[in-house]
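Okay, so here's the structure we're looking at.
By written order: A, B, C and D. Residues from 1 in each chain.
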Amino acid sequence: MTLAATTHPTPRLYWMIALILAVVTAAEVGASYVDAVEPVLVPLLLVLGAVKFGIVVAFFMHLKFDRPLFRSLFLVGVFGAIPLFVVVLLTFGAL
Amino acid sequence: MTAVAQSVDHDPKTGLWSWITTVDHKRIGLLYAVTAFAFFLIAGIEALLIRAQLAGPDGTVLSAEAYNQLFTMHGLTMVFLVVMPIASAFINYLLPLMLGARDVAFPRLNAFSYWLFLFAGLMIYSSFLFGGAPDGAWVGYSPLAGQLTETVRMDFWAVGLQLLGVASIASSVNFIATVFTMRAPGMTMLRMPVFVWMALVIAFLLLFSLPAVGIGLFQLFLDRNFGAVFYEAAAGADPLLWQHLFWIFGHPEVYVLVLPAMGIVSEILPVFSRKPLFGYEFVVFSGAAIGFIGFGVWSHHMFTSGMGPVAEAGFAVSTMIIAVPTGVKIFNWIGTTWGGRLRMATPMLFSLGFIAQFVIGGLSGVTHAIVPTDYQQHDTYYVVAHFHYVLFGGAIFGYVAGVYYWFPKWTGRMLDERLGKIHFWLMVLGFNLTFAPMHILGLNGMPRRTYRYPEGLGYEFWNGMATIGAFIIALSFVFFIINLVRARRHGGVAGDDPWDGRTLEWATPSPPPEHNFDEVPLVRSLDDFWHTKYAEDEEGRAVRVPAVTGAATDADTEAGDDHEAIHMPSPSYYPALASLGLVVFGYGMIYLNWGWIAVGVGAIVALWGLFGWSLEPVTKGDDH
Amino acid sequence: MTTDTVLDALPPEHGEEHDVHHIRKTAMWVFLGSECIFFGSMISTFLLYRTTTGDGPGAELFNVPFTSASSFVLLMSSLTMVLAHHAFERHDTRQGRVWLSATALLGATFLAGQIFEFTEFVHSGLTLSTSPFGSSFYMLTGFHGAHVAIGVMMLTAMAILSTSGRLHHGRGLNVELVGLYWHFVDIVWIVIFTVVYLLQV
Amino acid sequence: MPPERREPGPGGIGGGRSRLGGTGRRAALITAAVAVLGACSGSGPQSALTPEGPIARQIDDLWDLVFVLAVIVFVLVMAVFAVSIFRFRERKHDTREPRQIHGNTPLEISWTVLPAVLLAVLAVPTVRGIFEVRAAAEGPDVIQVNVTGHQWWWEFEFPDMVSDDGRTLVTANELHIPAGVKVQLNMTSRDVIHSFWVPPLNGKRDVVPGRISQLVLEADAEVADKDFGFGPGIIPGQCAEFCGLAHADMRLRVFVQSPADFEAWAAAQLEPVPIPTEGAAAAGYETFNSTCTTCHRAVVADADGAVTTLGAERTLEVDGVTFLDQFGPDLTHFGGRSTLGAAILENSEEHLADWIDNPSDLKPMAPLRNDLEAGKVLGMPSYGIDAEQIAQLVEMLEAWQ
């Protein structure tokens, strides 16, 4: 196991990421108003949301560079919660 | 080994204030144990009253109102104020010792968890003084729990459980961080004692399950007090949502109650069989599997609620799957005894009792997974029988075994074997007489949570037996209490390692010094302490290693030991203060009509405690 | 979690002093994992009730352009947060304090936007008691707002403490941990914004 | 003793008592008690182990299967366990240390796989059973009953049994069904969650506010003549989901009748009852009409045959189905019922008088919390009616056969 904290991102990267996040958010809002994407809107928005989520976690929260233990702890929470609540909503026929 | 104890310069501090401000995991463990035992006696008295009421048809000992409060409080107390904290007591005391650590990762957070548990427990019980205790069953099904808003009984339940949940999440975070970051050098994950593994599994279970019920409790509280309509069928809400949120927590909770006991039994069996645990990896991974699969079975508490046959079939299968790792554990325990030299001391007896009774509870659990039969069993005394076989015949037997086993470590004194054996046999008799008949009652159609039953349905005889059994259980605990009290003064002196133990806690003096280990041990294998005492001959039999004076700790001393350098965290009253603030805040929330002052005061006190806590240095003079 | 990564988690290096920083970060990540279930419960409650509006108003109330703007504010506060952390790592307390304050300010702006939005909705007839939709909407966004408020309080406290030089690794409050918390609150909002606002339009 | 089982279950005859008695390993006392006292503690009229219809029997057959398997597993495991304990217990003169066995992978795999196979075998009839027991009853013969759960009583409406003037058959706490016919219950609750349970006829089913749950009851043809201790064809049941104060007293009875008797009963129930015109009963009617009809409902006819329904008609709409939602039970043919207070007391003049005087003495309820405006009812209040008026009411009600 390595402590990869040495390869720390720079402020330049942070600004870049913020720019990407801003663009994705604009795309999301735009997409929800364009009729043409209506059929794929739900998956599209979920994918774009997941991209933003992933970028913040990986870079701003340093999960990409930090200990694998942290990654496991957090991913257990995220990927435990998703199927759990999908099943709950399925039993209600709400998905 | 005893010699080194004197060389440490920490005064053993005494007095009430030292207990309030303590951050020593061992003292906190003892506080948990004593508090949980006190609540156990209260819950036991509640159970006896319930059994007295049900001894015959149309019982008149209790009113329906009193009965509903007592069975609710019995369940709530046993789950949240007895078994969880007694597990916490063992984990607190033993986790750092077994890992070769000086303390848990966050000693003050640990104290906070304890005080919040105590104050929240007292708060729930104070409801008896304020017009009655919670009376909507510990599961608090909506909309019943939201219905009686004239009384604050169910507000005490909702707020009390919420606070207890905060305490449990705090200790879970603490235990997980401890296991991942505080292990002694060489203590890899697969060298950790099974008990530590089970502690880790339940910490994860609590961590990922409590937030669900926490949200449910918030919703219920908002419904009751702020006009929200989360469970208001008339507004289009679905009351089954509560059952999902509750059981997403409630089912893993069952494993939270029993896995530490399984861990305890997994420590005791090898010591008294004089053999290593059979299939250590399988026991560990089956425990982890139980925890993991435990998140996929919650809806088997809802087979009669009308989820639809597909969901029922799915949860039936997942419930059956969880029986597999449970079976693996049992087979490995039997494998551990096989070929050993079994010393029938009290801890061993209770562990063997655990196995036998847990098998019954496990098998009756499988019958619940056969969904159509569960349509008949659900919400009857059959279920009561089932979960008492798991949680009393199982968990409580395991924890009592643990008390007999580690009492010498905690106090330096041995418990009396003769009294212990009387306790055991009376408890086995009383337990089975109480709960075996409940299988029959349930199958014969007696629903649970009923304060009386009429003549003519054939329930008299077995209810009478169950009541007799309950009083025999109570009698058995009289012997336990006598034993505990006697041993504090007159018990035989234990020495460091009275049972010829295998794990690191036996390498310390009894009771261990504040800093646990003079030298942090270096761990080279599973059961490392045992291997400093025994080797294996060519036949594979254990042979005593010619006594190297001292054992693990001395042999593995690192250079430059300087006891002056051991910094233990300083005592702090902020954790107790912060938890007190939270409970005052809780009272304010319950009595909203006049309690805004309490809300404010509580919030300020809690914040004061938290800020003081986060700004004070961990160790005095350690302001770097 | 794969067994490999669990078993990889080796104990810290020898010696008396455990790496306090590492222990605290572990605890924070553990806590954030738990928060996933906390918000997951509320989000699924909302999804269950997203059309259960009874006689009251529903998702047509949402003003997506306005909420997009406040989402953007919160998103940018993650940038200032990470810059603050970067500054403190280089022991540039002054610049760190500036970024911390900026983060707190952006957080407060977001909160102000939320208060404005709530007021608008209440005036349009959506309250906690109107319908399960109303109950679950206010609870979800309200609890998120409470998380932001706690974050703003911690950021402000740290900004003030840094002036007296009382902000360092030895203490419970430190920039990296609060940063993790703050980013988490941000990503929860990313989910809420997508699921609650955008998917309803 | 109830009538014997259809056939001896594999685990032994005599219901769950003797079959389960042996499960407490160390509880030899219990086993002995079973043997000695078995004869005088029958499995009871509300037992799930004495099925009286095809659905309950299917469940019971599944139970017999899983019970036998569980006993076999238990005996095998405990036998090995007991051998291990006795064979390897420490003996005085044997000081040799045991061999240090750390595990055995083939053994581990086999005791992981074997139970998994066993459970997979059990899963097949389980899943099939779920779909079969859950299946809705279909066909022209099926009798529909709309059930409304109340704190703490049951309201039954037969939507397809309609009088000439368009009234449906309504009754409370005593459900009459024809033997050998499938009866489909469509259930909802007006307040909290209840659970409808008549063990000899089917498993239980939760009755959830805002939802419709369905349960099919079917009794064997000969049940109409069997006496379970309450009279021929009468099977007790009760609410199985904790529903507050009087949960224990939310009972019910199912009257299994021959199809002909059932038809006759239904026809009689649809008839109005006469308004008493003279004597004490007439005075009782005055009281009834001024006080009781706030909550209770009754269909009466005057001397000229003009039919009136006393009491406001209240209904509850769930998923497009209309359920009755009266504050109190329909009392039209009260005198013909065998119980009162949700099947907790035999219907006698004495009991009825006590009940009217103060219902909460006989059954724990919270009528002081009633709020009829808000539709909230937590039991029948005591109206402080004097003894004479009570006697008049009793006379009138008991005459409404």
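Just so it is clear, a residue touches a chain if its C-beta (ideal position, glycine included) is under 8 Å from a C-beta of that chain, and two chains touch if they have at least 3 such contacts.
Quick caveat: nothing in here was measured; it's all calculated off a predicted structure.
Relative to chain C, the most remote chain by averaged C-alpha coordinates is D.
In whole angstrom, the spacing between the mean C-alpha positions of chain A and chain C is 14. Centre-to-centre separation of chain A and chain B, using mean CA positions: 37 Å. Our note on geometry: chain B versus chain C, Cα centroid distance of 32 Å, whole angstroms. Averaging Cα coordinates per chain places chain A and chain D 52 Å apart. In chain A, the residues that reach two or more other chains under the touch definition are 69, 73, 76-77, 80-81, 84, 88, 92.
In chain C, the residues that reach two or more other chains under the touch definition are 6, 9-10, 22, 26, 30, 33-35, 37, 40-41, 48.
Across the assembly, chain D contributes no residue that touches 2 or more other chains. In terms of inter-chain touching, the protein chains here follow a pattern that is not a line, ring, star or complete graph.
Residues of chain D that touch chain B in their complex: 15-17, 20-21, 23-27, 29-30, 33, 37, 40-49, 56, 58-59, 62-63, 66-67, 70, 73-74, 77-78, 80-81, 84-85, 88-90, 94, 96-104, 107-108, 111-112, 115-116, 119-120, 122-123, 125-127, 129-131, 133-134, 191-193, 195, 197, 199, 202-206, 208-211, 213, 229-230, 236-249, 344, 364, 369. By the touch rule above, chain B contacts chain D in their complex via residues 63-65, 68, 136-137, 141, 143-144, 147-148, 150, 233-234, 236-240, 273-276, 278-282, 304-306, 309, 312-313, 316-317, 320-321, 323-324, 327-328, 330-332, 334-335, 337-344, 352-353, 355-357, 359-360, 363-364, 366-367, 369-380, 428-429, 432-433, 436-437, 439-440, 443-454, 456-462, 465, 534, 536, 539-543.
Across the complex, chain B meets chain C through its residues 105-106, 169, 172-174, 176-177, 180-190, 207-212, 214-216, 218-219, 222-223, 226-230, 232, 235-238, 241, 245, 248, 520, 558, 565-567, 611, 613-615, 617-618, 622-624. Against chain A, in their complex, chain C makes its touches with residues 1-2, 5-6, 8-10, 22, 25-26, 29-30, 32-37, 40-41, 43-44, 47-48, 64-65, 68, 71-72, 75-76, 78-79, 81-83, 86, 89, 179-180, 183-184, 186-187, 190-191, 193-195, 198-199, 201. Residues of chain A touching chain B in their complex: 69, 73, 76-77, 80-81, 84, 87-88, 90-93.
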